[in-house]
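These notes open a run of structures that come right after.
Two complexes come next, and they have one chain in common, chain A, joined by chain B in the first and chain C in the second.
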Partner chain A sequence: MTNERVTAQILAQFPQLEKDPSPVKDYPTLRLPDAASLLPVISHLKDSLGFSYLDMVTAVDWKGPVDPAGYVREERAHPFQAKPAAAAAAKPLPGAPYRDAFTLVYALSRFANPLKIFLKLDVPREQPRAASLARIFRTADWQEREVFDLFGIFFDGHPDLRRILTLESLQGHPLRKDYAHAEDRFDR
Partner chain B sequence: MNTAPAPSRSELKTDQLFVNLGPQHPSTHGVLRVGLTIEGEIIVKAEPDIGYLHRGIEKLCETRSYGQCIVLSDRLDYCSAMTNNLAFCLAAEKLLGVHAPQRADALRVAMCELQRIASHLILLGTYGIDIGAFTPFLYAFREREMVMDLFEMVSGARLTYNYIRIGGVRADVDAQWVARTREFLEYFKPRLDEYDTLLSYNPIFIDRTRGVGVISAEKAADYGLSGPNLRASGPAYDARRAEPHCGYEKYPFDVITAESGDCWDRYHCRVREMRQSVRILEAVLDGLPGGEILAKVPKIVKPAPGESYAHVEGARGDLGVYLVSDGGPNPFRAHVRAPSFLNLSILQEIFLGQRMADAIAILGSLDIVLGEVDR
Partner chain C sequence: MGVALEKFPAICGVLPGGSGILTTADAFINWSRKSSVWPVTFGLACCAIEMMAAYASRFDFDRLGVIPRPSPRQADLMLIAGTVSKKMADPIVQIYRQMPEPRFVISMGSCANCGGPFHDSYAVLKGVDKIIPVDVYLAGCPPRPEALYYAVLKLQEKIQQMKIGHGAGAAPQQERGSRDLGAP
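== the complex of A and B ==
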């Protein structure tokens, strides 16, 4: 009930938003039409509707099923066992919305009348960029660094966009579906 | 006798000093490095450096079936594997649209509360060591051992249980387990008062932690803190209350909060939470429903394309799992909202202006587990 009221409130304020066709189950999910509307919508949610808590920032790579050949190392043959078959690349499945884009997923919460809301924003796989939320929520700092590290999405206006979990010297962004491991000094 | 006048402050050569805290230091509870720049005793800059334990669990999930992912979730926060299992299974159940039977729900609540006690006991023991009190560690681990024994009885493992499954739990408990759990609770209740006399109200401990590392409510929410770290600053946000899962709405418990948000409050919130866990456990054992422990779930879990998010109140905070399915047997994307990761991010701010010796007290009070920070 509250879900629908809040969704209607946001949609009245920002008519360019739309309900997501594949929502996060049990939660109101809205889709942002373009990167420009991200900051105004988030600011409005925080200042006017009391969503003062940024729960989660993450991303999804929609390129297609993951290809493990790029990063699964060949296992050493055991003398008494047959050589394990190389992991086969999964086949694309019908019905899955594969496309050439990343989806940024934001979750916001409020403490009074607890409610969680999800926002999604598609960014192209070539030159993925979005505005940084670090000026609105300090927690976006590390979460966006993680998304940058693992997906290679750039956040404009981020105070300190560096890798956070992986090595500075790592080539590529591991959570992309087409990630292939480049040999480094740890392989030898 | 040296009669030369002492040099005035302006003549003294002062320099900033860079100090590495960690990566291998007992007080970092794992492999965490914090690059500290200090001026005398005062910290002027703190740069947490994480990722030493990064295993790419989110990527590994993409090539494993849902059942195999539960095993990986054990390895996230290895001090509270039960709640990790639960968060992942709840997200997968939402994707599938199945619900665990009543008995399984009650058992899940029991396991999670036992896990909370075990996890908070680790903090109680190791935080004492961080501050310089060694005895509480022995007391805390003595009690934790009993919880480990209870977990071993039901799952066969002492740390990575893989007990909670999609649609229920793996094994039923018998009357002996229930009796031993009751026995433990009776034994444990007076121990809580003992901890208070042993550590909480120890004047030296209070001196080291009262008014140190104060986090305001606004700042805590701004940095995405959750769990006891958030509640010690004021906001009474608890996922068990805000969005009850597994029938938490049926059990009596108070959401423990404090006002000042200093190290002592963060520590003592956990001690008081253990008492609430005991209350919940007693209610669960009193009204343990009969029936099935596992819902009907297909052998190969293949949810329809869709997305789900489930979050539970773990020992360290609001643990969330975000799953995306493309209709295949493996998650298309699995993301863990790790409370320790976010709790740690405030370090760069609250360290500033604190004394070097207090850094350990602040870091310990946040109760991080690096397995979850780095994933």
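== the complex of A and C ==
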């Protein structure tokens, strides 16, 4: 029941939000219509509703099926196979909601009267940008660096947006569906 | 060591005075070298758990004189215990260069040997021997502490064959006396 009450509270304050048709488990999951409403909603959740902890920032790439050419894997002739298996062509899954967008997913927690809430925000794959939460939650600093590193989503107002997990010299962003690995000095 | 002390009176009795022994410099230096192989303390991934088990009381690496050192300046051995990510490659070379010669490397587990299950990854080095010379390769995913014991015993066999006249080298490429990677 707390779920519905909190969702109603937020929707009353921000009528432009909508309930996500595919929520994360049973948690209240809200979808943001545009990047501009991100900071006001997060600030309201933190200051007025007591969601004082940012669990996670992550992203999903909704581009079509992964291109097998993007893998580093070499096609070797297997001793028990007549000929090397050709790379299977990428086949779209029927019914999968492919679209040209990244979805940013934010999870926030409240410890008094415990509850977890999820927020989703679509950003375009061309020039993906969103506002940084680093000024509201210090922990967003590294989380957003990771999302930037692996998906290449830029966070406006981030204090130090550098790669965090991969080599500084890596070309591209590995968790994008169209990532193709370029040979670096360690692959030789 | 205990065995050597028990036999000591008989060995010493050969020479007049009963307190001296004859040996070659190679045998003596190699014996002392192989009896105190000090590894630098670091682990990279899950193989490090097996490495810690080997250090701890049940397997007790101290029996072989393998005592982890917190500084590469005091270490003889680098145990590459786990997956070497490309981000970690440069720090490993730096730590290797900080170690005094002669220095040895044991590559522990499939990941350190060849990349293992992460061979196709964009982020993992396909074998630590691409960046530093390796003395003993140890297969397994992860190898048990007994296997790590075996690798250290193999390294001790290798150290036993070193010749002072050839420099510090235990491996053929070491025989010029240095395994420096072109560093100053």
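By our rule, the second predicted complex is superposed on the first by the 173 of 188 C-alpha atoms of A that agree within 3 Å, B and C clash if a C-alpha of one lies under 4 Å from a C-alpha of the other, contacts with A are read in each partner's own complex, and residues count from 1 in each chain.
Throughout what follows, contacts are C-beta pairs under 8 Å (C-beta built on N, C-alpha and C of every residue); 3 or more make two chains touch, one makes a residue touch a chain.
What you see is a predicted model, and the numbers here were worked out from it, not measured in a lab.
Asks: With both complexes overlaid on chain A, does A:T166 touch chain B (first), chain C (second), both or neither?
Replies: both
Asks: Quick one: chain B or chain C, who's touching more of chain A?
Replies: Higher number of touched chain A residues: B.
Asks: Given the touch rule stated above, what does A:P114 touch, chain B (first), chain C (second), both, or neither?
Replies: A:P114 sits against chain B, while chain C stays out of touch.
Asks: Is A:S52 touching the first partner chain B, the second partner chain C, both, or neither of them?
Replies: After superposition on chain A, A:S52 lies in contact with chain B alone.
Asks: Quick check for you: in the superposed arrangement, does A:V24 touch first (chain B), second (chain C), both or neither?
Replies: After superposing on A, A:V24 lies in contact with chain B but is clear of chain C.
Asks: After the superposition on A, what does A:F186 contact: first (chain B), second (chain C), both or neither?
Replies: second
Asks: With both complexes overlaid on chain A, does A:P97 touch chain B (first), chain C (second), both or neither?
Replies: first
Asks: With the two structures laid over each other on chain A, which partner does A:P15 touch: chain B (first), chain C (second), both, or neither?
Replies: The answer is neither, since A:P15 touches no partner chain.
Asks: Counting only touches as set out at the top, which of chain B and chain C does A:D61 meet: first, second, both, neither?
Replies: A:D61 sits against chain B, while chain C stays out of touch.
Asks: When the two structures are overlaid on chain A, which partner does A:P174 contact: first (chain B), second (chain C), both, or neither?
Replies: In the superposition, A:P174 contacts both chain B and chain C.
Asks: Return the residues of chain A at which the contacts from chain B and from chain C coincide.
Replies: 71-72, 165-167, 174, 179.
Asks: For the complex, give me every residue of chain A touching chain B.
Replies: Per the touch definition, chain A meets chain B at residues 22-27, 52-56, 58, 60-61, 65-66, 68, 71-72, 87, 90, 93-98, 105, 107, 109, 111, 114, 116, 118, 137-139, 141-143, 146, 150, 163-167, 174-175, 179.
Asks: Which of the residues in chain A come into contact with chain C in the complex?
Replies: Against chain C, the touching part of chain A is residues 71-73, 165-167, 170, 174, 179, 181, 184, 186-188.
Asks: Would you pull the chain C residues touching chain A in the complex into a rising list?
Replies: So the residues of chain C in touch with chain A come to 86-87, 89, 119-123, 125-126, 130-131.
Asks: Under the definition above, what is the set of chain B residues touching chain A in their complex?
Replies: Those residues of chain B that touch chain A are 50-51, 54, 56, 58-59, 62-63, 94-95, 219, 221-224, 235-237, 241-243, 304-309, 318, 320, 322, 324, 326-328, 330, 332-333, 335, 337, 341-342, 345, 349, 374-375.
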